[in-house]
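What follows is a set of notes on a single structure, which appears directly below.
Think of it as A, B, C and D in the order they're written, each chain with its own count starting at 1.
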Amino acid sequence: MTSFDTITPLLEKQAIELPSWAFGNSGTRFKVFTTPGTPRTPEEKIADAAKVHEFTALAPKVALHIPWDLVDDFSALRRYAEDHGVALGTINSNTFQDEDYKFGSLTHSNPVIRQKAIDHHFACIDVMHATGSQDLKIWLADGSNYPGQQDIRGRQDRLADSLQQIYARLGEEQRLVLEYKFFEPAFYHTDVPDWGTSYAQVAQLGDQALVCLDTGHHAPGTNIEFIVAQLLRLGKLGSFDFNSRFYADDDLIVGAADPFQLFRILYEVVRGGGLDDDSPVAFMLDQCHNVEDKIPGQIRSVLNVQEMTARALLVDRDALTTAQEAGDVLGANGILMDAFYTDVRGPLAAWRESRGLPADPFGAYLASGYQQRIAEERVGGTQASWGA
Amino acid sequence: MTSFDTITPLLEKQAIELPSWAFGNSGTRFKVFTTPGTPRTPEEKIADAAKVHEFTALAPKVALHIPWDLVDDFSALRRYAEDHGVALGTINSNTFQDEDYKFGSLTHSNPVIRQKAIDHHFACIDVMHATGSQDLKIWLADGSNYPGQQDIRGRQDRLADSLQQIYARLGEEQRLVLEYKFFEPAFYHTDVPDWGTSYAQVAQLGDQALVCLDTGHHAPGTNIEFIVAQLLRLGKLGSFDFNSRFYADDDLIVGAADPFQLFRILYEVVRGGGLDDDSPVAFMLDQCHNVEDKIPGQIRSVLNVQEMTARALLVDRDALTTAQEAGDVLGANGILMDAFYTDVRGPLAAWRESRGLPADPFGAYLASGYQQRIAEERVGGTQASWGA
Amino acid sequence: MTSFDTITPLLEKQAIELPSWAFGNSGTRFKVFTTPGTPRTPEEKIADAAKVHEFTALAPKVALHIPWDLVDDFSALRRYAEDHGVALGTINSNTFQDEDYKFGSLTHSNPVIRQKAIDHHFACIDVMHATGSQDLKIWLADGSNYPGQQDIRGRQDRLADSLQQIYARLGEEQRLVLEYKFFEPAFYHTDVPDWGTSYAQVAQLGDQALVCLDTGHHAPGTNIEFIVAQLLRLGKLGSFDFNSRFYADDDLIVGAADPFQLFRILYEVVRGGGLDDDSPVAFMLDQCHNVEDKIPGQIRSVLNVQEMTARALLVDRDALTTAQEAGDVLGANGILMDAFYTDVRGPLAAWRESRGLPADPFGAYLASGYQQRIAEERVGGTQASWGA
Amino acid sequence: MTSFDTITPLLEKQAIELPSWAFGNSGTRFKVFTTPGTPRTPEEKIADAAKVHEFTALAPKVALHIPWDLVDDFSALRRYAEDHGVALGTINSNTFQDEDYKFGSLTHSNPVIRQKAIDHHFACIDVMHATGSQDLKIWLADGSNYPGQQDIRGRQDRLADSLQQIYARLGEEQRLVLEYKFFEPAFYHTDVPDWGTSYAQVAQLGDQALVCLDTGHHAPGTNIEFIVAQLLRLGKLGSFDFNSRFYADDDLIVGAADPFQLFRILYEVVRGGGLDDDSPVAFMLDQCHNVEDKIPGQIRSVLNVQEMTARALLVDRDALTTAQEAGDVLGANGILMDAFYTDVRGPLAAWRESRGLPADPFGAYLASGYQQRIAEERVGGTQASWGA
């Protein structure tokens, strides 16, 4: 197995973007529970995200959601973030909470509504220029609930046209990443339901258009690491939305449901060049902390990604190739499992300390008093949430 | 195949309970869309439900949800319903929208919170006495999101104790029906996830405790008609919550996603005695009309159940038994399919007219002007919804 | 709704290819049951397939599987088929039953084994020239059972190279169709698991390479009609393998598990031009009659496709478009359901009689005495099967 | 976390039964690959199983499958096993490979065939008396492929009657364990598809009848540890069939697909008393080594169970309870994960050596020369397989 020392240079470069909305309240259609200290403003969300980075050195960027994070002056917000030690990252559009979008947005048959959705993306690109963001991430709730309700093929054509218009507006350094999702909120058909659709759409746009893979957006049983390897091979993996699931799009802490799957995904990232300097892959979290505390939930999440990345880097790839080519099924599997079962937490803690970080970021955060402070100070106002 | 005339006496007795909450707004965690004319009060919900019965003669009862339908005087509400030609039916408890229930209700490890949840059910039983309701339906959101978060076995023991206390409070003519659900809102473990758990729990309570089967609450691929047949055989099928799904608990119009499955379910109901005079089975809808109009959605739903019941009744059961026992695979399957493919809509329309009902209840409702009237009249106030 | 008379010209052109192997024995890993009269030779399979066409006029072609249908003289087999009123159709390769292919065929890391698999496809192309077949269908069992066992990305590159070599050998009128499958016989990763992979691979080959969609080869819950619409839109739907499933790749009679799904698929075929004269879409069955009689099973299958095609053609597409664009959810859904619930069996029977065909092909076949005759005559020899 | 020393007494008692058939060839409906050295006789299977025990001290029993392991003198076979250091364990009946059972066995509507199936179980009980086996394990392939093909309710009644007759024949120390399975080989309905059915059936028989839980026999997404906890609570968990799966009943090496799930299952076993001296739970493997070597595959399997049991025993249960009752979601989850992520392989190796066992049983077996020896010696004869 590869030695721990040889992998720290790669670990040192690891950067995971945090979603601003993970610090607000979230829940299910049945109930959104509240928590003391929940941010009321984009600034408070950024302050919380910056805490995660402070304790882990893993999360230098914060992704925004428009209009949830709409402010008058995005340049000021950018400076606010930088003052807190983080940068603003991916801009996420939102075309699912306006009554006009009941039957679609970029796919809508009504040209007025479709233009409204396109214009929203133009506005997002304007935000990106102000925030210095690279990626415009498009996740669409578009779909239908009943067979016959919509023309699923015509919507695909309109989607292509809408994306083309948005793509044409991108700056030279900007990218469009198109996320796919198996189902929800639509229950019969979804307009971008799988990686094949996202790939077919972005392939027609050009080099600045890529696929976003959310680890919770697949059919039961889907081999996600295969898709990761395939998209890397095709040069079209733009970003990850990390989270985990047992059933549907549960949006649980990444690595919480099936840590071995996360390991396999990260192994394909590693060997597909996803951690290389010139890699196009952006790593993001997209999670909901419905019942657990949010900042500690995010700290646990980035640590899970770090720990699994370390395990993936430990795989003895030469030995693995030899076993694979020899048809040594149990030997090859054993080499992979050896890395997975290695407890990297001790070496990681020591390495963190050597860099001036807390050995145990989770415990250090809990001991820092920040959580109590925000719970006391953030009184009044409206706690941030999805506003569904 | 059985002739249509012979089945009308059974069809005539068919009664499907409507859920009051189907007339309010509902949606997903992403968005709840509104519709003009949505009821603001329990009375307006009942008035709308009564319309469904007026046009179909299929829906003589309205189920209530406490506290969504909480009123000061349930006897008055009962009279209001009766004045509108319907009765009040099943009382549904709700232990998922209070902050106290974040980590459970009837299963909670904190005795104070658990007692609060038990007391809520005592209050529901009091309502039942006032409304003349037979069934207390218990669906629990109890569960957990992360492995280790809760003691899944201890919760089962506490559930048994809580149910025992509630059961002991039932009146002689009252019943407790325990609903199971595969997942949601909990994403790791659910305390009553399958029919086996519900059956094991109610079997320990006594004859007045039965299982409620919601057709949308199963794992992918589950053979639901098998469970129907099994529960009927065990004498423990208390009620149905009808709806349909493509993915998870989509709560779509019953019969919309897989009409053949609805047919197979109703065939097992028919042959298991579920339509007999002494049947213990209550038929209910439990649906969400997120994007479609609510009253027409309910009309379509009860008509779907009626049409599939008619098809199920048309099966030539003697011929089927003969083919089954002869090992005639294609013959037996063909007999079932013959009934399924029979278009019963014409005979049903004629039969409706012969009873003084509109041949086409759906069209007749749309033409009645009711929808426009409530859209105009119900201005102001707060539209009813789950209040999540 | 469209009138029946207007759709018969399209129905008249419908042609469904039968798989020779459907007439042999098949089963599960637990048991292959035998049936009297099962063919022993390719000729007997073709004779049985010709019977299906004789009674239905729906099945003018028979697909072959190499080496299951290997004969010394394929030109003679072609004449044999033509003498029986049918033509030879798609040639299916087989790289899953030789010990050499235990760890892969077109994806194998050993160049000798990979070349052997490529050569097998060259041999299949030679067969195609002799039989006059248009399509070379490639379904690969390639995959692995354990994480780490194989290099899933390297295999994708080798697959691309192998396909390129095979593609280069195609005649001008020949096509390569690449089938995808979710899982089985491999249980961890499959090299062509989804339509996205098949599409990405064939898109790199050229215009004569297309995707084959087997209706049983998807993850649970997959919206298959969406994929149909998408592939038609992309111009890459080459062929169907029709069958039905409740769980995995059950290979049941098409339409048996979810007739409404078959209807929705065929509706997208119809509106996507899949029945047009210049359509590139070939319609095939791929089924296993494990417990039912084989010839009647195939007759039932082609009739199911015909009946559902008729229903799909009956959809009032103008009215549907109007309702869709108006956001009339229940209206649009109702227009689709109206066609689905229409009992087309009577009009189809009358139309068949008008063409000199039996009104009830299934019953006519049973009454013909053919089944008894082959059961008596086909004594001795080895019944055809997969030979697994 | 609990210290390793305190858990070794429990680990020392761990015993996992090996299935004789795991040493024979197995495969899919597509192909059964062979391997050099595969046993030809029940004796050779037992010799191989004894090797697993020799190197691990974990597998003191071998389960037999009748008629696959049918011998003239089971008392002699018992002595043969004992001479090799192992005992004969569970007797598995087989009612799925006789043509008579095409449409069922214990559920068959034909009384002659049903009696034949019952008689087979009587014969199995006779074998048990000769072998000293405690458990008769019944897994039924009974089911149907098409809706309407069989009377699913009547079959349940006949199953109850058949089981009653078999149960009545049990000796005082013998038990009947009824296994359930979601699907396969039947593709529409299965007569014992879920734990609820198995539980309802065995509950009616008496104390000597229990449920067998095969970890690969559930619907996608099923929370298996919940079922484990529930059956332990109900006193009805009789035995495990361990294996793992990504899709269906893949029968892969236990722990290979989702090691964290195996950990959670074993944690519920531990806390439910499943490892206690008076525990009714028998631990078995039921796997297919389709592409990997069989003896090493079994060694890896029992080691996986041992390693995960060790991790489950390491959980600090007091701390966990405290965190659970405090509603500390992340704390409680963290306590569980801490044990899971602990690398127990080193301490286990040292402990093995202290007991005179090889530190690395897998490597020691490979180095022993046994595999080469059997490959050379076992020439001629017919390699054992399922004979499907």
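As a working rule, a residue touches a chain if its C-beta (ideal position, glycine included) is under 8 Å from a C-beta of that chain, and two chains touch if they have at least 3 such contacts.
Just so it is clear, the model here is predicted, and its values are computed rather than measured.
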What are the chains that chain A and chain B both touch? C, D
Would you mind telling me which chain pair, B-C or B-D, is linked by more contacting C-beta pairs? B-D
Suppose each chain is reduced to the average of its Cα coordinates; what separation in Å results between chain B and chain D? 39
Whole-Å separation of chain centres (CA-atom averages), chain C against chain D: 38
Residue numbers of chain A (touch at least two other chains): 102-103, 144-147, 149, 182-183, 188, 220-221, 223, 246-247, 256, 260, 291-292, 329-330, 333-334
The answer for chain C against chain D in the complex is residues 26-34, 96-97, 99, 102-103, 141, 144-147, 149, 182-185, 187-188, 220, 245-248, 250, 252-253, 256-257, 290-292, 386, 388
Quick one: in the complex, what on chain C touches chain A? 102-103, 109-110, 144-153, 156-157, 182-183, 188-190, 193-197, 199-200, 218-223, 225-227, 229-230, 232-234, 260, 264, 268, 271-272, 320-321, 323-325, 327, 329-330, 332-337
Which of the residues in chain A come into contact with chain D in the complex? 220-221, 223, 246-247, 256, 258-261, 291-293, 296-297, 300, 307, 329-330, 333-334, 340-343, 345, 362
